[in-house]
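All remarks here apply to the structure that follows.
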Amino acid sequence: MDKTMIVSLLSMGGMGAFFGLFLAYASKKFAIETDPRLDAINEALPGANCGACGFPGCSGLAEAIVSGNAPVDGCPVGGEEVAKKIAKIMGVEAGEAGERKVARLLCRGGKAEAVNRAEYKGVMDCRAAQAVNGGPKGCKYGCLGFGTCAEVCPFGAITMNENNLPVVDIDKCTGCGKCVEVCPRGLFILTGVSREVHVGCKSQEKGKDVKKVCSVGCIGCKICVKACPFGAMEFENNLAKVNYEKCTNCMVCVEKCPTGAIYSAFPNRKKAHITEDCVGCGACKKVCPVDAIEGEIKKLHVVNVEKCIGCSKCAERCPKDAIEMIRETEAEKAACC
Amino acid sequence: MKIWKDFIKGLWEENPTFRLLIGMCPVLAVTNAAINGVAMGLATLFVLVCSSTIISLIKNLIPSKVRIPCYIVVIATFVTIADLVLAAYFPDIHAVLGLFVPLIVVNCLILGRAEAFASKNTVTRSFFDALGMGLGFTWALTFLSIIREVLGMGSIFGFRVLGEWFTPFLIFVLPPGAFITLGIIVGLMNTFTRKTA
Amino acid sequence: MENDKLVITSSPHIFDDDSVEKIMYGVIIALLPASIMGVYYFGLHALLLIVTCVITAVLTEALFQKARNYPVTIKDGSAVITGLLLALNLPPGLPAWMAVVGTVVAIILGKQIFGGLGHNPFNPALVGRAFLVASFPVAMTTWLSPVDATTTATPLGLMKLEGIPTDYWSLFIGKIGGTIGETSALAILIGAGYLLYKGYIDWRIPLSYIGTVAVLTTVFGRDPIFHIFAGGLMLGAFFMATDMVTTPITKKGRWIFGIGAGILVVVIRLWGGYPEGASYSILLMNGITPLLNRYTRPRVFGEVKKNA
Amino acid sequence: MRREYIRMVVVLMIISLFSGAVLAQTYKVTIPKINENALRKQEAAIIKVIPGAKSFKEVSKDGVTAFEGLDENGNKVGMAFIAKSGGFGGIITMMVGVDMEEKKLAGMTVLSHLETPGLGARIQEDWFQEQFKGKSFDDGFVVKEDVDAITGATISSTAVAKGVKDSLEKFLQVFGGEY
Amino acid sequence: MKGSETSQMNIKTFKGGVHPPHAKFTKDKPIEKARLPEKVIIPLQQHIGAPCEPVVSVGDNIKVGQKIGEPKGFVSAPVHSSVSGKVVAIETHPHPIGSDVLSVVIESDGKDEVFEGVKPYGDLDSLTADDIKNLIRESGIVGMGGATFPTQVKLSPPPDKKIDTVIINGAECEPYLTADHRLMLEKPENIIFGLKAIMKALGVENGYIGIEDNKPDAIEKLSKLAEQENNIKVVVLRTKYPQGGEKQLIYAITGREVPSGGLPMEVGAVVQNVGTTNAIATAIKTGMPLIERVLTVTGSGVKQPKNMLVRIGTPFKEVIEQCGGFNGTPGKVIMGGPMMGLAQSSVEVPVIKGTSGILVLTKQDAKMFEPRPCIKCARCVDACPAYLLPTRLAHFSEKAMWDEAEEYNALDCIECGSCSFVCPAKIPLVQRIRLAKSQIIAKRKKK
Amino acid sequence: MEALLLFIGSVLVNNFVLARFLGICPFLGVSKKVETAFSMGIATTFVMTLSGVASWLIQNYILVPFGAERFLQYVAFILVIASLVQLVEMVIQKTSPALYQALGIFLPLITTNCAILGLALLIAIKQYSFIESIAFSFGAGAGFTLAITMMAGIREELQFADVPKPLQGAAITLIIAGLMSMAFMGFSGLIPM
């Protein structure tokens, strides 16, 4: 062994030992309690401390992720893989019961349907416009259409349509409630995704006053109340109101409303379809509020698609689970063959 | 297939220079001439591949508390080797790259890959990941340095490619040119990929 | 009757009749004396450079905005100022194509990539100039004599490299080598007077800028009058350090801006590699303008209780 | 727990040891070549600035280092020394060769510099370096008079001229008396 | 310490502000009594604070000065009928402030019978401080300078706040408006009387009347009267907007700065508008509560600009008709002055206690400019009398950075509009700042 | 005097970030907010000065005497710096929680920042004296702080600007760095180093 080798081995070995000891000692001496997720994320992150994420080092990012100030894919170095891991660590599985809530708009009066009483100029923000003499809209309950809700939605779930009305993309909406909070006219509510019928008007004015300013407002005719087979339509302050406990998404009210103030996703309307499992007990026939089910006892029953309003009463009643609720389009197909 | 993906992603999708923007110091510093860009790229490639492979090999032996010092030692070792070899056999290039060869030690790219990939994956995958990243880094450096050399000196690898009519824009071989050129390239790449995506 | 709806807006309902356009065109008018003197001294090539820069600036801005699908706002006159000021900051003998390059850089890298008027952190014209100096150092430091159109050195160059002073009168009326617009202090002062009278520029920056240079040169035993009138200080102080977009919005910030720029000019002139530092001093101070704004916020009314 | 710490120490130490060994080995292999490269470079510079020299010998006196240029027979054919000067971007180092008999410069070459490429860097161009050849020791080395400057790079040109002049004076103070 | 001689010498003012064109077309037009309206719409909330509850019902016959709304809270003021006749409806009705408000609609019988309870309160000397405060409350007097803050509340500071100065705000710094100016010229005794009443209510020795130097006649008239009082001084103020802003006025006259976020009483001052003062004097002298006010009807959009004495509740339309009607198609109808007034979307809204003017602008004058990017000219900064950075605040507001806006003291903005007025880029700065303020306040409330 | 010039030179003329391209990653990454950037700058300056001193000692008292400076330098420097940073971090954490709050999180980030190792190597290469090393290190740190704070100021302002989409983020930051670097060229030739 020559001198270079000796020097090298001695010094490197010495340094290795020294720093090993040092770190071992330090890790013992200065151990600190932390959020276990923090450690886990720290573990998952590359540990390069390069700062590319914009946070002071990996632990900075980890802290930010834990406190919700950074996305799980905040580390550009680690890429997808690390992101997945962190998502797992953070992904406290949505364990809560109840269905996902989404935002629904309670106004249908866009540019084409509702009139303005004045011409507004200035900051294009609904809250700001509202503060200027109550905003330019003829209806003081209706959507102002400056899209503040679309702007604040953190998930890009709201877009403004041609008619100056916001449209919620149900798939993107997370029910965070930002839009509910921000709309100066309180036009959003959060309802379960399965709720499909909504009154798109908040005007508490009398019918004739509503008519003056908007062609799709609720005029208080109460036709919907009469039409609803389930008594799910209520009235309050000159305004129809869906009782979501009772509503079965049958959408009869939507069909009947003379102004179109009640809305739903019509293509989503469901129809009952009776499968081979039917034993012909006739229970469904009895509960159907519109007499849409035909058939004799002990024989396969059939749904009259024309009449069926998709309330799913029959499906609930059927002891054999032989009734499926299918989307209208599919139901037609199912009926013909 | 997986290996292919490991390899290919560094070239474009996760290109360390244009996409992840890590290990920027050498990218900016040595790309004033094409030859430097290539040399730096290759030197980094060498260190990256060697250290990723070795680290992946010994990953199970290393206690997590001392992993960073261990990685650093491994990396620094390869860097020193690269440095000595360059000095011995390519003295001219060594002279130009100067300080930036030793700085490969602290190039975020290398430690980043060591931590993010090599310490968790098999040797083969780590090798290809490092190879892809290293090549991605190399082509990025080469590309950038060619642009800068053409604009700044009118030449590529020292050969004059633009005629006498061309007055070189000296700024492109000076520090501001490095930032601006890279900024514009990154911007253009964003425009480009945004459209296709 | 539909169209006769009342307009509702937030208050106030009346406005001052100054507008961005008016201010910009005012600055253009104020730059005319200096431009005319430049053409008078350096001839048609100077005119060519001025025209080239202005046209290029306007075209570049229009094209960039078109490409971004934005409304084209060349009518506001800010691009004209950028082109004009860049031209006034060029050596009179510069090849026209270089002027075009500088202008394109000024408008695109200096202004439009930040979102256009009002958003740029650095003075666009100076970005263009600094780019040219770094790209073509030789061409950008080749000066012509206004007397016989031969190459000469600027007064500051003569002073720095050869220690030769220039007489005050030549400095004042501009019978010296230099950029197209910087030579005649007289012409600049006329324009500056107009701007001050119109209230388009704040007096704080020019005063503190020039004042600092005067004080420091005196302290270091140089001739303050020479240093004020030589080089681009006057043009810079009145037309470029006053560009509101790139200078502080607070009064205190403006004082600091001027003093800082003054110090930088003196440091670069006396000890730096370049004979002149006006453009760099302004660019550097532009860089810290956001910090100045941040840390010189005025005391809010009633913030410190004055009475017992 | 305790074993964990011991393992930390041992692993780090072993890796360091390995690293040390590998490095020492690499070093031993490459160092002769590296030293040779450095020597070659210096030799080439000295040969360039002392006409007729084929090898050189380092001499030191009063803390000043110089080189004696030797021809193939080992005869002294001139001397060279290293000059330094602050240029535009950084320190410029030069090798200056002197013809002690004729009392003039035998040559000059720039070893390293940090001047701007395409501008100050042109001090490396032959025409610029050549003009120092044959200048008398008493020359003023004034740029634009005795020495042609590079357009747009007066500072670099001046730095070279001044560096040569200052170092020459220092060199002559020490070695001047020998002849 | 008599008279105004010395204060005439040094004209006082504040820092910042702007110089909008005066456009005071009506300054030489004497106050004209408006026709008795056929129908009045009297909102039950005409002040800052809790709304009133109606104390009459549909079908009731009532008389002038009869109380029709009873206040519910401490910070509130009663509302009285301004005509005699029949209550025809109690319903929500558009209100000049913006939202709809429960209002009492009364059809006038044209007799203008005065309510029996209305009788003079007697001599000032015979009234105690509490008497004065009570009668002010009973008379439904609120700040008529615009903010409509119940005056009696302002005159009842908490015991730990020592008030030593009363200032009558005769600045009338808003362009176009001349109601206060005319009032000072035509009812100077009332102003002095009212001021003395306020001083008595507060037990204060120093009374000031601040008037801008573009109203030399009013200065002269009031100075003369003030000379007879030994503790009242007329202070001449530089004509500059917003000289009449409370905090600016106090600063100009006393050199005291109302602390940021604080009230005038914290520096021992109370400011009352000329109109308010006149209303107090009228109430004491005649017992008539606040049922009418002087306002200026002006602007390029009315045929004959005038100063008028109008019953509360008269629809704008009727008032404008008495001034010759619109001059062409109106573009904008504003309640108040051009700097701080509120644009109206309908002329059916009634005159309320805070209506200092009705300004009608033609389509041409109502034109809005497209906002351009901010060029950071800092004119807004120089103009801001609260020493804020309006451009910065507007940027924060645009990017919904409410916390930053709060840190940059958005809440200190007095919404004077100086910044928007001077901005060469025509940026709606005030509106942006207002939005920020409302968001900050909403956020604070949530906490 | 030498030391002073060296200090000024390393702040302005050969600014670590803008002229020497060292520490670019944090310069690009941690320059979004002024406060954070400034803290980062201060922490870096602190570590730089410390490691400048440490590496000077190692170089002159260990590596050179043993003749190992050519091949153990990198490993030695980086190990020393890494542990030094860790030590400092722990000491601060123990002694001053307030300071730790302000600077602590930045310290680990600095370990693998090439500005620090670059500084150590430069000190070795240029053979600065002890005092010069301190001046140089401190100046380099100050220069870094200046550059990153300026950048953060400009980027904060840019929140309100309408930067074209593809340029947002890294691209515009790089271009600003380019313009800053251009402005710093005004100092070139000031102090030859």
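Per-chain residue numbering starts at 1, and chain names A, B, C, D, E and F are given in the order in which the chains are listed.
Definition applied: a contact is a pair of C-beta atoms (placed from the backbone, for glycine too) under 8 Å apart; a residue touches a chain by one contact, two chains touch by 3 or more.
A quick note: this is a predicted structure, and the numbers were derived from the prediction, not measured.
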- Determine the set of chains touching subunit E that also touch subunit F. A, C
- Between subunit B and subunit E, the fewest steps along chains that touch one another: 2
- Task: Weigh D-F against A-E on C-beta contact pairs and write down the one with more.
- Result: A-E
- Message: Nearest whole angstrom, what separates the Cα centre of subunit B from the Cα centre of subunit F?
- Response: 21
- Expressed in whole Å, how far the mean CA point of subunit C lies from that of subunit F is 33
- Message: Need the CA-centroid distance for the pair subunit D / subunit E, whole Å please.
- Response: 86
- Query: So how far apart, in whole Å, are subunit A and subunit D when each is placed at the average of its C-alpha atoms?
  - Reply: 74
- Query: Which residues of subunit B are in contact with two or more other chains?
  - Reply: 21-22, 65-66, 68-69, 73, 76-77, 80, 84, 108, 111, 170-171, 174, 176-177, 180
- Note on the structure: Touching at least 2 other chains, the residues of subunit C are 5-10, 109, 115-116, 119, 131, 134, 137, 273, 293
- Item | Residue list for subunit E, restricted to those that touch at least two other chains | 342-346, 368, 373, 428, 431, 434
- Message: Edges wherever two chains touch, nodes for the chains themselves; is that graph a line, a ring, a star, complete, or other here?
- Response: other
- Spell out all pairs of chains that touch, sorted by label. A-B, A-C, A-D, A-E, A-F, B-C, B-D, B-F, C-D, C-E, C-F, D-F, E-F
- Item | subunit F residues within the subunit A interface of the complex | 25-26, 28-30, 32, 36, 39-40, 62, 66-68, 71-72, 75-76, 79, 83, 86-87, 90, 93-94, 105-106, 108-113
- Can you list the subunit A residues touching subunit B in their complex? 16, 19-20, 23-24, 27, 43, 45-48, 50, 52, 76-79, 81-82
- Report the residues of subunit F in contact with subunit E in the complex, numbered from low to high. 159-160, 162
- Note on the structure: subunit C partner, complex, touching residues on subunit A are 116-123, 128, 131-133, 136
- Item | Sites on subunit A touched by subunit F in the complex | 3-4, 7-8, 11-12, 15, 19, 22-23, 26, 29-30, 48-60, 63
